[in-house]
Amino acid sequence: MKTFYILHGANLNLLGKREPDIYGAVSFEDFLQVLQAQFADIAQIHYFQSNHEGALIDKLQEVGFQADGIVLNAGGYSHTSVALRDAISAIITPVVEVHISNIYAREEFRHTSLLSAVCKGTLTGLGLHGYTFALQYLHLHHKLLTA
Amino acid sequence: MKTFYILHGANLNLLGKREPDIYGAVSFEDFLQVLQAQFADIAQIHYFQSNHEGALIDKLQEVGFQADGIVLNAGGYSHTSVALRDAISAIITPVVEVHISNIYAREEFRHTSLLSAVCKGTLTGLGLHGYTFALQYLHLHHKLLTA
Amino acid sequence: MKTFYILHGANLNLLGKREPDIYGAVSFEDFLQVLQAQFADIAQIHYFQSNHEGALIDKLQEVGFQADGIVLNAGGYSHTSVALRDAISAIITPVVEVHISNIYAREEFRHTSLLSAVCKGTLTGLGLHGYTFALQYLHLHHKLLTA
Amino acid sequence: MKTFYILHGANLNLLGKREPDIYGAVSFEDFLQVLQAQFADIAQIHYFQSNHEGALIDKLQEVGFQADGIVLNAGGYSHTSVALRDAISAIITPVVEVHISNIYAREEFRHTSLLSAVCKGTLTGLGLHGYTFALQYLHLHHKLLTA
Amino acid sequence: MKTFYILHGANLNLLGKREPDIYGAVSFEDFLQVLQAQFADIAQIHYFQSNHEGALIDKLQEVGFQADGIVLNAGGYSHTSVALRDAISAIITPVVEVHISNIYAREEFRHTSLLSAVCKGTLTGLGLHGYTFALQYLHLHHKLLTA
Amino acid sequence: MKTFYILHGANLNLLGKREPDIYGAVSFEDFLQVLQAQFADIAQIHYFQSNHEGALIDKLQEVGFQADGIVLNAGGYSHTSVALRDAISAIITPVVEVHISNIYAREEFRHTSLLSAVCKGTLTGLGLHGYTFALQYLHLHHKLLTA
Amino acid sequence: MKTFYILHGANLNLLGKREPDIYGAVSFEDFLQVLQAQFADIAQIHYFQSNHEGALIDKLQEVGFQADGIVLNAGGYSHTSVALRDAISAIITPVVEVHISNIYAREEFRHTSLLSAVCKGTLTGLGLHGYTFALQYLHLHHKLLTA
Amino acid sequence: MKTFYILHGANLNLLGKREPDIYGAVSFEDFLQVLQAQFADIAQIHYFQSNHEGALIDKLQEVGFQADGIVLNAGGYSHTSVALRDAISAIITPVVEVHISNIYAREEFRHTSLLSAVCKGTLTGLGLHGYTFALQYLHLHHKLLTA
Amino acid sequence: MKTFYILHGANLNLLGKREPDIYGAVSFEDFLQVLQAQFADIAQIHYFQSNHEGALIDKLQEVGFQADGIVLNAGGYSHTSVALRDAISAIITPVVEVHISNIYAREEFRHTSLLSAVCKGTLTGLGLHGYTFALQYLHLHHKLLTA
Amino acid sequence: MKTFYILHGANLNLLGKREPDIYGAVSFEDFLQVLQAQFADIAQIHYFQSNHEGALIDKLQEVGFQADGIVLNAGGYSHTSVALRDAISAIITPVVEVHISNIYAREEFRHTSLLSAVCKGTLTGLGLHGYTFALQYLHLHHKLLTA
Amino acid sequence: MKTFYILHGANLNLLGKREPDIYGAVSFEDFLQVLQAQFADIAQIHYFQSNHEGALIDKLQEVGFQADGIVLNAGGYSHTSVALRDAISAIITPVVEVHISNIYAREEFRHTSLLSAVCKGTLTGLGLHGYTFALQYLHLHHKLLTA
Amino acid sequence: MKTFYILHGANLNLLGKREPDIYGAVSFEDFLQVLQAQFADIAQIHYFQSNHEGALIDKLQEVGFQADGIVLNAGGYSHTSVALRDAISAIITPVVEVHISNIYAREEFRHTSLLSAVCKGTLTGLGLHGYTFALQYLHLHHKLLTA
């Protein structure tokens, strides 16, 4: 049994409520239950959301030396935070980055994520499916590493 | 009776104490009492200040679906925070941006606010009067919407 | 009794006629009458519009050593005119800048006003209310200076 | 019978006299007579030239709500005038932009016209033929619109 | 009798099928027949389309030393191809550039054509009329050269 | 039964042979067989590779009005080709972009893909798993559309 | 006897009145009399000032085919006017550019004059002496040309 | 006896644990004891670390009007935080900036610290010695100020 | 006996015909015979030219795992092709880049070759001699490698 | 009697020999004799030329605390030398900058002089007359200072 | 006994004389005696100053293979000299960079030192104390290396 | 018998000693003897190295009107020296530029040489062979000129 974390940054607690034409009308809590059921045999999936950049860094440090994988959607902090990038570099657990919407089809300042270079990979624009695939990748990746 | 919020970002708790040649020598608490008296018949004015970007986002989310208007001076975060911008986009309550000093007459990096594009409007360089006008605008704006 | 001027640059004579979804459907002449009535006890409000950058400079120089305050919306010249900026610097009367629409939510080249740094302050995106507040500010500002 | 305007900006009154290796040796007045004869059955062609940015805006506003088409060569103002661009956006009559010389083969600052995005189309480098084609387009375009 | 070529770059074979709100609903083959009829007394008009940058260069080289004129719409290659630009410089036949839509009113990266500086002229945003005018220009231009 | 295409651009025929430390040591042909087996019940997976930008555009046009989904890794063309971007916009079949390596951790010029904005989504840095997830997404996406 | 013109652009009518710490406390009219006396034997010196960019172009065109030399301080227009630059290129009379203050020691946007490249030369930061030297240069230059 | 503070920003709690090839293998707590012993006769040295930008601002405000000196290594926030910069400007206690690694030999975005301009000075690349020297400087600086 | 390839990109088939003032009046075929004679004892020299970027990549892949050296002049593709760069990186045979003219003395966009960083070296501006020296280098280089 | 220095930087020893179409065919030594005669009653004029940036700094320091004025044409160093700029700031003697040719009509990198901001003024494009005027200015300036 | 060098670039011989508000009123020679006394038991401290970039490179090469440490303040050359940077890379002795003033609080062009990336570390804004700390660091560093 | 010069700029006296992985382990003096032997029948080869930009300019001027050819590797000065560029323009002898390492595969600031545009040609990345080829080119070039 593996331990995975999904970490959500600023404003992602409003999923299902905020700009539904961009982010969809499903709350993440509901989707999470589906995910947890889907991965029930493989991994425990923990969820953490904060609007505080510092709280995300605290969490990354807390779980980043024991957990088997982290899926990170840092929201607006993706485009501005060197501190988050440093946290990802500093920990050992592999991190996969997810963006629900296609950030390349939106405002210029959303086209660059400071985090991508230090994550294993990035999934963009695939809606909530991005989280499923990211977890699958971490699962497969882990098998590879521990084979 | 309407409900308005004034939200203050980083270092604005030092008003009256910090660089008085730029920001004046009056504390915001004293000015707030004058404002509240002035708008007593129209609206309840709540005040919140934090040096934490995340706390400002939390507050915007908390009040941004019920309050009738928000006046926001995010201080230094105005120039760097995509996360705050996203919070303003995500909520329903109209937000008006205020800067006490004339940011266009100061350092280059203060000339751009990431928040302006998603606020209703911006008042810059009018000192504490900016808050009064912002509240008046929200009052008038509200009348328009509910007329 | 004070003397205030409202100066309008290029294309603002078309207010109420031009792009009503951006600028509203009220002509400025109608609005001016409301303004003049509102400030009748405090100040005489004069109005001048020109599509000529030079005529605006002529006017600023003509009134800028006697009037008590100037409200300036230079339209498209705001973004390109060093000559207008120099005129504002050269005169003594305080100038407040107004933009009816939220210029930060429009084309990139409208995000910068060469005039802002030499005006007392700037009001953006508040519609015609911006003019009312600008005059109120000049009125209050004047009381301060002559107290 | 339709009404078309040809509007000429700065220094275009010197055509035939100014830098003939770039602009040719024919005066525009002579060419205009040929044009007017050519379109005699279709439209009345009026001509206006000014070195004043403001006068061009005045003219665009004056004719831009009744005329059937405008051909505009704003000369040097093409590359710097937001105010002219706003005037074209503000009026109803369709505007076609013409440049006599190939501006893309000249100095860097001539490669960008602020006006192109709000005109129907742009003809560059075709010499005086550009005017003929622009008028033909307006003629055809009008037929389309009024069909 | 003259020989003119119309050369079409990437995706222009989809005209009438692709994004009809931008490019119109007429296929180029249909329009070509109208064009050929219109110029029947003056010139033979040949048509070539390819999605291959290299094939366009091959064609330019093949016809660029005998034909009397070339009308080129290189599609997306206009904005990125130094190799096409070099081919236009290398040949003798005059080339006129056409863009159906107004590229200045679209994405930033479409505002610059690497080809314009080495073509005789450019027609932008005039729809299919651009081709007619370009051919007329080449016809007139040729008369001038051979007079 | 659905029809999916995997399209590979420049140099991806060398997978398993080229820079194995970046791209891995497995040839794509071998991996394709695994993929086809995995999706045998759901879809037929066709594969096309070319080093020619034009051939990729030809293929996109050929299959882009009938196929149910396209997975595209355009290799080096991702960073430079407006023509490919236009082809993706012009067709109807949804396209998902894949990059095997983490392009954000490599040279600056690889950080931007001109294609991302017009694809449904992008998967980067997940190795060959990216293809599996992209196909899964197209499968799920299709169900959504045809539900 | 030669004929020289001194042309002054925006706000230079305020010399002696405007920002005396930058531009000095002498009015240009007083200084002009000294200049005219000094050059009495050599040339007639005419003076023209306007805040209108177009009026400066009109004047340059009017005198630029007969006068023996022009000294031009276009004020704020120096940094923004392609139209003025074109006028200088279009005329025959040599033009020398003068700036009273050291524009390189002031704001960034004053460091570039669009006019310098098409003037004979530029004198910057030498106060009113700049005009004297410019006239001397034109005098000497003329002797050279007519020798 | 003086009071000095060492303030640490994001991820510096991982010193000794995080990327030891860049930051060394000593934990800051161990090094702090050495420092405190070294300065025992001169000053009390307090230590505060937080991954929260806001908490660093709170702390700067709390101690910045009484303490005798602050040594600040803000980690990743150094490169992005206007709010921290404003806090340093707002307080009275002198601040010295330290970076353990040579930030100029690392990624481009680490080459600029927004904080340096408002600190007394900056020590970069000297490892943990930087802290010792910064405290010595504050000690010497204080003597100077109070002499 | 070694095997060397000379690969020529877009428009280089026109050597001797195209812009002779820049590229000389000798056809490459004639020069090739001289080269082949000169290196007859050392190496077989094959020649391949294409205007197709993809054909150049195909050829590089075809010969790049067996040949002893490649001399590449990619013409206009040098400045724009990431795909060609990737092909050079992917193969084993050493590649030397040649430009006949001095690209640094021509247009700005010719000053950068995307290929140089992954070639062994670059020879620019030496006319056809560049090919001779490149082959000599490959010959010497090979001796070194196989010594 | 005053003491003035003319300082010449790199390659100005070749005047009369180097690129006579840009710099004229007169050697500076010959011109210097004319200058010295012209100013014989007012000042002693010393001349120093070096191709060494350091030697120019040495000289500026040597004479910059006693001489009454310095005329500096630093040649190519004008555009690149912060060290020379610092030397001018460090000394007391006023410095006037001269460029013989019109640097604004030449290559882009010649349009900026790092020295201008710290010199009293700059004379550009007036040929050797620039030196005469610069000396006259220093003479007049000195009278002003010592009056 | 170790051997340390302090190397001073352009204009630093004027310390105590030049701009005392920025650099202080103490001459470096006086300060050097204090330094030498302070380090008398540990190291011999040699001093070299030159306004010549080349002389600094000569000196770095001369001492850079035997000395135990070099403290370098290159003055204005810090911001422009690739040649000095290369010299630091080429030698073996560790180099520490010192700037007396806070270069980040001055002109933009002083914010970047080309030398920092190849020095061990940089001390900025600490006045003459910077030299003391730099020497202490080299002393400690040396102990480390030879332990 | 011809006379050729090899001129070496900053730090090239350390060849064989400095960073041997980039520049090789052979001293230039040893290589020079080989070169001189190789060209013994054709030319006398003189060698000059200096770390002083000014000394290189002095030398270029000294030999640049008599020698038959110059091979120049200016080291770090290549990327920053307008003064050296001017010297090459000023002289008559043809200059060929050599870089031993592939500067395009190193730091960004090494990708641009200010000298290339005014040299005959440039050889980069070919190690010491670059000098041999440069001399051969000058020899062949000379024959051409004197034929």
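Note that the chains take the letters A, B, C, D, E, F, G, H, I, J, K and L in the order they are written out, and that residue 1 is the start of every chain.
Here is the rule we go by: a contact is a pair of C-beta atoms (placed from the backbone, for glycine too) under 8 Å apart; a residue touches a chain by one contact, two chains touch by 3 or more.
Note that this is a predicted model, so its numbers are computed, not measured.
K.L.:
Touching both chain B and chain L: give me those chains, sorted by label.
P.N.:
Chains touching both chain B and chain L: none.
K.L.:
Round to the nearest whole Å and give the separation of the Cα centres of chain D and chain J.
P.N.:
The computed centroid separation for chain D versus chain J comes out at 48 Å.
K.L.:
Could you give the separation in Å between the centres of chain B and chain H, each centre being the mean of its C-alpha atoms?
P.N.:
Distance between chain centres, rounded to whole Å: 32 Å.
K.L.:
For chain C, give me the residues that contact two or more of the other chains.
P.N.:
Expected reply: 52-55, 80.
K.L.:
Name the touching chain pairs, would you?
P.N.:
Listed in label order, the chain pairs in contact are A-B, A-F, A-H, B-C, B-H, C-D, C-G, D-E, D-G, E-F, E-I, F-I, G-J, H-K, I-L, J-K, J-L, K-L.
K.L.:
In their complex, what parts of chain L are in touch with chain I?
P.N.:
96, 102, 104-105, 111-113, 116-127, 129-130, 133, 136-137, 140
K.L.:
In the complex of these two chains, what residues of chain C are touching chain G?
P.N.:
Against chain G, the touching part of chain C is residues 52-55, 57-58, 61, 80-87, 89-90, 114.
K.L.:
Quick one: which bits of chain E touch chain F in the complex? Just the residue numbers, please.
P.N.:
Of all residues in chain E, those touching chain F are 9-11, 13-14, 17-19, 50-55, 75-77, 79-80, 109-110.
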